[in-house]
Amino acid sequence: MKPAVFWSSLVAALIAGLVFTEVGQNDYYFNAAYVVLQALIMAVAWNILGGFTGYVNFGSAGFFAVGAYTTIALNKAFGLPLPLLIAAAALVCGLIGLGVGYLTLRLKGVYFAIATLAMAIVIETLVNNWAYVGGAKGSYMLTPETHLWFDSYIKMLFMVMLALALASVAVSRALSSSRLGRGLAAIRDDEVAAECSGVPTLRLKLVSTTVMGAMMGVAGAPYPFFVTFVDPVSAFNLFIAVNSIAMPMIGGTAHWSGPVLGALLVGTAQELITVTISSELNVLLVGIMLVLFITLAPQGIVGLARKYLGRRLR
Amino acid sequence: MVSVDLFTNAVVAGLLLGGFYAAVAIGLAITFGQLDIVNIAHPAFVIVGSYIAYIVNTRLGLDPVLAGLLATPFFFIVGALVYRVYYAAFERTGQESLSGLAFFFGVMFIIEVVLILVYGVDYRLVSAVYTVGTLSFGFVDLPLRMLVPFVVSIALTGAIWLYLSRTFMGRAIQAVAQDRLALQLMGADPVRIKQFAFGLGIATAAIAGSLLIIIGPVEPSVGRQYIGRIFAIVVLGGMGSIQGMFIAALILGIVESLVTTFVGPSWAPAVAFGVLLLTLGLRPSGLFGRQ
Amino acid sequence: MSDVLLRVTNLSKRFGGFVALENVALDVAAGERLGLIGPNGSGKTTLINCISGALLNDEGTIVFEGRDITRLPPYRRARLGVARSFQIPKPFASMTVLENLRVPLEYAARARVERRRVADEAMRVLELVGLKERANEQSAGLTQVDMRKLELARALAAKPRLLISDEAMAGLSGSEVDEVLPILFKLNQSGITIIMIEHIMQAVMRFSQRVVCLDAGRIICEGAPDQIVRDPGVQRAYLGA
């Protein structure tokens, strides 16, 4: 996709969002859109380490929850405005990504994956025992008064998420088409050959986990304001981790557009199913789709499209 | 000052618990330790085993351990089928790492959700002669609901260990991860051996599940706590070593019990993963692992 | 006497109780064509793994262009000019042939190649090995011979001073060997020192100026190709006592 097309699409999406906030009456749509955008950021982030670099992360919920809890803790302590909270979440989660990576990336990919699950559970246990943020009982967040020029708070949150989602897509695209991205792809294809071709594999993998961690933290930072009640069970929910893997795998992991497509399709489908049938069924469907796509179409929808259309997206 | 009573009981409870953990981990010791297949869904199969024991126990009044034993052939078949799919989709094409992991993750998730859809999130229990009652030796308490699973677990571990080291098939399983070519030259089909081994691993889940629900009530998400435990046990024990796995299980059980008693039960989930991370960081080959 | 490009001293490598390499000493002169032979399991691949950094040796030193590289990770050695091709080709399967070369050009050879020249350089290398027509094909679908050429091309794209070719011609037919061998000669003429590991004796003999023979982790013989072939120790190693 040529840069001109890409950037004008981003701007168009931003403008469309703004228009929507002016025109839209029913808050439900903004709620649903928030959920889908949150999932999109998580999917894009996951794919940076999963699709681009080839290392599976099962602990997405851990990063997400730390982002949320950073907001809770800092808001309680200092009452910081949202942009600073997002920045703080990015910093904290980026550091955690770096730390976990440093400890485990020198081992085989399998052990890394298990270690990410370990990290998520260890952090969940720590949060469960941290009374300041509510521990196991959870924490309430009061909706702030200010919502700038928007009619309602949820509309403002929606725009914030939209901006963050577009930014994450831009970062992901820039990464994939850069020298760094090519190094990551080499690591994914054959780590030993990459190392012998001069790629500093450990360093690049650490960059990958740090960026992924930071992005997931950013996705989680506004969450407390969205749900108003946060507890470890909901923040560290396994479903978040499954979605962050399923959406890129369904959309296609090799290209930056895959997780976007996956998140939009699967996220929208999930909202529809939850509303029309039930939320448990929705969850089951995601699991089944994940398994089906992994076994039958591992390149995802984007991969299938490439094969059958023969075009190459750039 | 720590009281001797409390400490001893914590250690004893840990031993019993650890022995039981071995029953849960042994399936993974086979599928991951011998075959290098990261079956992260194993605890989910164990939970299914628990629910089957629950159904058989409440409807037919059968002893849970017996129920578990009866269920093993079905679990074996399911395991073989799952391996078939895994092989066709991943092993044959060499895609094991990324997709194989995500596959089992998806399977685990599906199992859990189906259980929730069918049985809800209520805790389920079984009742048998030994689910209540305690043997006491001085100040040491041995609850029967822990002792019976401990004994069955030892029997199970011993049986598997004997099988792997004494029978042809067992040794073929040990060989298959290490030297496919030699195996093929001997006329054995590595794929069928792996299929058998995977089925065997899942079959142990039937028994482990029945033991789990004897020890305590079960609901669908309980399986997740065991992911960390069994991986910690298999990695700490060393890939490919059943004896190592058993010892690692005992160690983990004792550490968890001590943490629960002296620090707090809400810290218990972190213990297994803490042990795992430490092992991976300090001595990835484990206590008795092959190189 | 030309400069010593690579000096390996006292190199030993053990795997548990098994001694893969023992006290190996080797000097490679700049511009030299060195053949490394030995029966299976003699330690040839272990030796080049130690030189390229994929394995860390237990004892001994490796000095390249006067610099001690013994403890450097593989990517640093690649940047300094040590390149190797793999016995079983390891292409970057999701990339085209051309994209495969971008990686070493942008990483190992970064200091030696300007950014905007990368694509041109990649095409130049492909032309050298005879893969120019396949530049935009997926690397995963290449024939065996072309995969070997890609391996060499990728090692070459790292702009090395030392190229270690690990059985680049294993399993190739006579005519295919005749395709690959001249490439190696050309590379050497352009100033690249080459260590060739091969089982195909006629290739080693034609190519090498000097041959070193390994057996059971030790160097048992060293000299001109025709000398080596007649050495009783070498014959014993290959044919048995």
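Chains: A, B and C, in written order; residue numbering restarts at 1 for each.
Just so it is clear, a contact is a pair of C-beta atoms (placed from the backbone, for glycine too) under 8 Å apart; a residue touches a chain by one contact, two chains touch by 3 or more.
Note that the structure is a prediction, hence the values are computed from the model and not measured.
Colleague: Give the label of the chain whose average Cα location is farthest from that of chain B.
Modeller: The most distant chain relative to chain B turns out to be C.
Colleague: What pair of chains is linked by the largest number of C-beta pairs in contact?
Modeller: Of all chain pairs, the one joined by the most C-beta contacts is A-B.
Colleague: Just curious, how far off is chain C from chain A if you go by their C-alpha centres, in Å?
Modeller: Taking the average C-alpha coordinate of chain A and of chain C, the gap between them is 43 Å.
Colleague: Taking each chain's centre as its mean C-alpha position, how far apart are chain B and chain C in Å?
Modeller: Between these chains, centre-to-centre, one finds 46 Å.
Colleague: For chain A versus chain B, what separation do you get between their C-alpha means, in angstrom?
Modeller: Computed value for the inter-centroid distance: 32 Å.
Colleague: In the complex, go through chain B and note every residue touching chain A.
Modeller: 38, 40, 85, 88-90, 95, 97-99, 101-103, 105-107, 109-110, 113-114, 116-117, 224, 227-228, 231, 235, 264, 266-267, 269-270, 273-274, 276-277, 280-281, 284
Colleague: With touch defined as at the start, can you tell me which chain A residues reach chain C in the complex?
Modeller: 179, 182-183, 185-186, 188-190, 192-202, 254
Colleague: Report the residues of chain A in contact with chain B in the complex, numbered from low to high.
Modeller: 50, 54-56, 58, 103-104, 107, 109-111, 113-115, 117-119, 121-122, 124-126, 128-129, 136, 238, 242, 245-246, 249, 253, 280-281, 283-284, 286-288, 290-291, 294-296, 298
Colleague: In their complex, what parts of chain C are in touch with chain A?
Modeller: For chain C paired with chain A, touching residues are 52-54, 73-75, 78-79, 83-84, 86, 90-95, 99, 102-104, 106-110, 154, 157-158.
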